[in-house]
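Shared chain: chain A. Partners: chain B in the first complex, chain C in the second.
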Partner chain A sequence: MTRHDRWLVWLCLAPTVALLSVLMYYPMIGTVIESFHQTSFIDPEPKFAGWALYEKVLSSRDFPEIVRNSLLWTVGVVALQNAIGLGVALLLNVGLRGQGILRALVMLPWVLPGVVAAILWRFMYDPQLGLINSVLLRFGLIENNAAWLADSGTAMAAVIVAAVWKGFPFSTLIFLAALQNVDREQLEAATIDGAGPFRRLVDVILPSIRSVVLVNIVLTTILTFNYFDMVWVLTRGGPQNATHIFPTKIFETGFGQFRFGEAATYGVFSILVLVVLVGLYVLLQRASAERRRTA
Partner chain B sequence: MKMSATRRAVLLALQLALALVVLLPFFWMLSVSLKPPDEPFSIPARLWPESPTLANYLTAFRPEFRTYFINSLIVSGATVLITVTLGLLAAYCFSRTKLLVLSALLSLIVLAQMFPHAAIIIPIYKMMRAADLLNTYASLIIAYVSVTLPVAVWMLHGFLAKLPVSLEEAASVDGAGPVRIFREIVLPLARPGVIATAVYVLIVTWQEFLFALSFTSTREMRTLPVGLNDFIGQYGIRYGELMASSMMVSVPIIAVFFLLQRYFVAGLTAGAVKG
Partner chain C sequence: MKRTTLAAMTATLLAGSPAVAQEVTLQFWDNQQTESGLSEVQQAAVGRFMEENPDIAIEVTTIPYPEYQQRLLTAVQGGNAPDIATLDQIWLAAFAEAGAVVDLEDRAEEAGLEREAFFGGAWDSAAYGEGLYGVPFNVDVWQFSFYNKAMLDEAGIDPATLTTFEGLRTAAEAMTGDGKFGVGLFGHKGEDTVVVINSFIFSNGGRVLDESGACALDASEAVEAMSYVQELAEFAPEGILNASSGDMRELFLNGSLGIEFWPALEQPTLQKSDIDWGFVSGTAPEGMTPVGTFGGWNLAVFESSEHQDAAWKFIEFMVREDVNGDVVDLLPANKAAAATFLEANREGPEEIMTHLENAMPRPLSARYLEIAEIQMRLFQDVLSGAEVQQAAEAACDDIDGLS
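What follows is the complex of A and B.
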């Protein structure tokens, strides 16, 4: 490589590096700085506050609820989305006629803009006008109109279902690609040895797509943990905080109440919780790999 | 492999169930959007309107909606253009230069796609305010380029790394400079990867909600997702109009996706499965 080429390389990289440094990396530090400064709507000039905001957030009644909700929401969506995503990928990989069209159609919910999906589900859940209550009433599964989103007992489950419907195609897409790499000969050998569909899945397919499954779980965990649109449009975090997660709390505190410092403190906590969550997955995966090796 | 008739029937039934779960909400959205405003929502709800009409679409296509639509087009279009250009330049450097410092840099760039937007939005908002960019197209475009670049670099890098370098080496031996090689050899070969990345960036920016909600404050600057969210409050009970607006927001992006789907699926999964 000539000196001229090297100069060209850095020139090509400069805009990307500059943008990401200023707008992605600096804000990660900026959030921490912000979390030590207090501002309010009446007094917008930031003042150093030490650990005051951390104490305030940690001792607030909302905080444990938000941590619990965030974990419930993330684990619920990730588990269902990947389980359904894998099931659908297997179903669309059996070689039936017409599955090409179905493979394309299945992507529809994922392409649908998040706010549209949320509005659509808000309507589906509508106690009087929604499709869900109409169907359930007709089949006699419920006796009265249920207010799925307004009842703090069902709101979180309702939000999770909507998010899974929107998100599972992404998992399906990745799993379908991974399934193309499963060794056909190994599958056929297993069939000849008398392995049924379930044994083939557990003994041949799952081991060979293990790494893709893990990457997918980590990726969807991060995306779900940070997903704002669905919860905000469906419930705004209500009723009584029942669906308030970190992103909705940060937005509400920062842009609803203009308490930027406190919002940033929630931001710092959200990053910590996410790091712990992803770390746990990686540890679990290591431990199970270890077990397999010694077994 | 031959399948037994029962197995076939079960699989077919499962596929039908899947199609129903995926399509029913869409069908419902379409059906309600075509209901005449005076046809009541009968209980239990009717699946298809008695006399379908475009009335809701005509009402929903009001001036604000047109403004939001144009804003979304401008912001998404500019983002796609800038992100793909910068991403392609960066990805090309990463895939053709073997330097330790560059592979470390690539990891840092890819890592940035994991950053939680809600957690970093306050400092970004303050920077935009300091630069006097709040409530402008520029604030959204700059933010969108930043959040989509990591994925774009990652997708394009995965794609370029698979292209054979022999053509470029031959051209180099023949005396072509790096700029000419890039324009005449790499660019045409990279087209499918570029299209895949552009579609991905478009899908992400067309629906982006958090930044648009936080950075825009007047109706003149709102994008479609924020505008739709406003409609809930304003026309809460008029679901017909809301569904018609939702259709008009979704159909363009769905059309783009289906037209370019084969590029997109290959481009996205190549990177994902490999990494």
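What follows is the complex of A and C.
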């Protein structure tokens, strides 16, 4: 690439970089600056507070709960969403009749707006009128109506299930694309060598799509960690903080209580986690590119 | 030369022309809580105002209740606040403290708008520090106990007994069973949870904050009331920690709930339903008067408005006796307008008036939203069976620790 070409590349990238800087990096840096200032709606003049807000947040009763919940929520959703997504992708890849219609149907939860999906699940989880209790009671799986979203013991599992339902088609879509690139000759060779479906999956398919799986796990981790609407509509972080995660806490503190400095502090913790995840994503992408180059 | 002559002619024409009305356009924001077609009736009233004041145009923006707070907050922070808006009673202190709204005390005094013309609790909710930062626009009170007459008859309960703690508990117990529930308590993270449990506390002589501004939720009156609510929860549907007044309404309307707690704004919904219903005003211990929690909205003028005089004219118009009843979807804050409105639109107007007169506002604090958040956590703990005194003391530590 000549010097002139390099300039041309940067010139072409400039609008995007400018847009990203204004829309992403400026607010992000602003959040970090705000986290060192005491500022709220009633006292909008920022006062430098040093680490005071960090100390306040770290020593609050809520913080350990939010960290634990965020971890549980992210791991739960990502693990289930990817496992189900891979399973469904494998099924949709075997050449069933009506596969096109099935693929479209599978995508439905993903194309539904998040708030609509959450309201739907809220209805289904309703202790008295919801579909879930009605089915479970009919099949004798529960004796009394269960309050899935109102019980601290079941609320997190309930929101995870709803989020997995909403999100697994995304993983299916990605895995399906990867599965279609698996070398047919390798699969046939494995079949001739006597490998059954499980061995073909473990020895041929998974190694072939390994990099896509890893990248997808990192991507869904980022998306899930930031997922707000499902939890907010279903429980608003309750009951008793049982489903409060970083995004809901940030929203509640900033827009519910007008404490912008403290909300920014929670935001910074959130950014730190995301920086690690994005770093992981970049490393995986590089490793994947390197593998392709050397293959 | 030509330019000078033209400018001079223009100046002469302008100076000599008859006074041309300088049209002012005011932005008025309100929220809608019911399906009352509020925006249409407000547009009609605005038309009337503009006929009376041809030099002032009003642009009404009606925003759904769930989005209203964020929209207002963002507008104020971004310097795009409307000229006038309705502010929830519980937000007004924060807006006043932030310097976002204008002190209207002098204007109100000059116009002869006095506390006596409005419900006292509503007027007090507009006062903050030494000033008056709003004029009461609409009001309601949490809560009335709406009951299913058939369920109450079947249980052999006299509705009049629902006004006492003991009577309500007996009725709730008698109506619970066979897939039906006695009482529609709810405890989700929402302001409706706070106002309902507050009313039990107020009715038992308790307070959220005492006169010095310190937390009073750990005082015996408040603790007793919360213990009572904890016992009452036994006769409520499953899942109340994630249930709202809206969820209880669903159960009430399908006939599986004996008593639901709502303000008077519930009546239009019930009037359209097949349920044979009645209501009593709140609940208190034997021999005490039920005290409800005030809810409602005040009209405020924003500091950023360039047309504060015109905005004030509009406020005066909106709270006038002959207008106030037409432009609210709760109850008019103007007492005379409320009496007429209730007579025409609500069952039991006298009971409602009395309950409004007795109602108490929530703490008039600029930190109210934080206090309410702590209260929600406390009430969820109480409804989950926590030891009430201990939970209340922890909540008071948090409230008193707000800085």
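Assume the second predicted complex is superposed on the first by the 255 of 295 C-alpha atoms of A that agree within 3 Å, B and C clash if a C-alpha of one lies under 4 Å from a C-alpha of the other, contacts with A are read in each partner's own complex, and residues count from 1 in each chain.
In the analysis below, contacts are C-beta pairs under 8 Å (C-beta built on N, C-alpha and C of every residue); 3 or more make two chains touch, one makes a residue touch a chain.
Predicted model, so just to flag it, every value in this text is computed and none were measured.
Engineer: Of the partners chain B and chain C, which touch A:Y25 in the superposed model: first, second, both, neither?
Structural biologist: A:Y25: touches chain B, not chain C.
Engineer: Does chain B (first) or chain C (second) touch A:V94, or do both, or does neither?
Structural biologist: It touches chain B, and chain C stays clear.
Engineer: Looking at A:R236, would you say it contacts chain B, chain C, both, or neither? Reply first, second, both or neither.
Structural biologist: A:R236: touches chain C, not chain B.
Engineer: Who touches more of chain A, chain B or chain C?
Structural biologist: Comparing chain B with chain C, the partner touching more chain A residues is B.
Engineer: Touch check for A:P113: first (chain B), second (chain C), both, or neither?
Structural biologist: first
Engineer: Just chain B (first), just chain C (second), both, or neither: which does A:N144 touch?
Structural biologist: second
Engineer: Does chain B (first) or chain C (second) touch A:Q128, or do both, or does neither?
Structural biologist: After superposition on chain A, A:Q128 lies in contact with both partners, chain B and chain C.
Engineer: Figure out whether A:L71 sits in contact with chain B (first) or chain C (second), or with both, or with neither.
Structural biologist: In the superposed model, A:L71 contacts neither chain B nor chain C.
Engineer: For A:S270, using the defined touch cut-off, is the partner it touches chain B, chain C, both, or neither? Pick first, second, both or neither.
Structural biologist: A:S270 contacts chain B only, not chain C.
Engineer: Just to be sure I read the superposition right, which of the two partners does A:A190 touch: chain B = first, chain C = second, or both, or neither?
Structural biologist: In the superposed model, A:A190 contacts neither chain B nor chain C.
Engineer: Give me the intersection of chain A's contacts with chain B and its contacts with chain C, in residue numbers.
Structural biologist: Dual-contact residues (chain A): 126, 128-129, 255.
Engineer: Chain A touches which residues of chain C in the complex?
Structural biologist: So the residues of chain C touching chain A come out as 69-70, 73, 76-77, 94, 97-98, 187-190, 237-243, 247, 250-251, 254, 256, 366-367, 369-370, 373, 377, 380-381, 384.
Engineer: Spell out the residues on chain A that touch chain C in their complex, using ranges where they run on.
Structural biologist: 41-44, 126-129, 144-152, 155, 234-241, 252, 255-259
Engineer: Chain B touches which residues of chain A in the complex?
Structural biologist: 1, 5, 8-9, 12-13, 15-17, 19-20, 22-28, 30-31, 33-34, 88, 91-92, 94-96, 98-99, 102, 104-109, 111-116, 119-124, 126, 128-131, 134-135, 137-138, 165, 173-174, 176-178, 181, 188, 191, 212, 215, 222, 225-226, 228-229, 232-233, 246-247, 250-251, 254-255, 260, 263-264, 267-268, 270-271, 274
Engineer: Mind listing the chain B positions that touch chain A in their complex?
Structural biologist: 1, 3, 8, 11-12, 14-15, 18-19, 21-26, 28-29, 32, 41, 43-45, 86-87, 89-90, 92-93, 97, 102, 105, 108-109, 112, 114-127, 142-143, 145-147, 149-150, 153, 178-179, 203, 206-207, 209-210, 213-214, 224-226, 228-229, 232, 239, 242-243, 246, 249-250, 253-254, 257-258, 261, 265, 268-270, 272-273, 275
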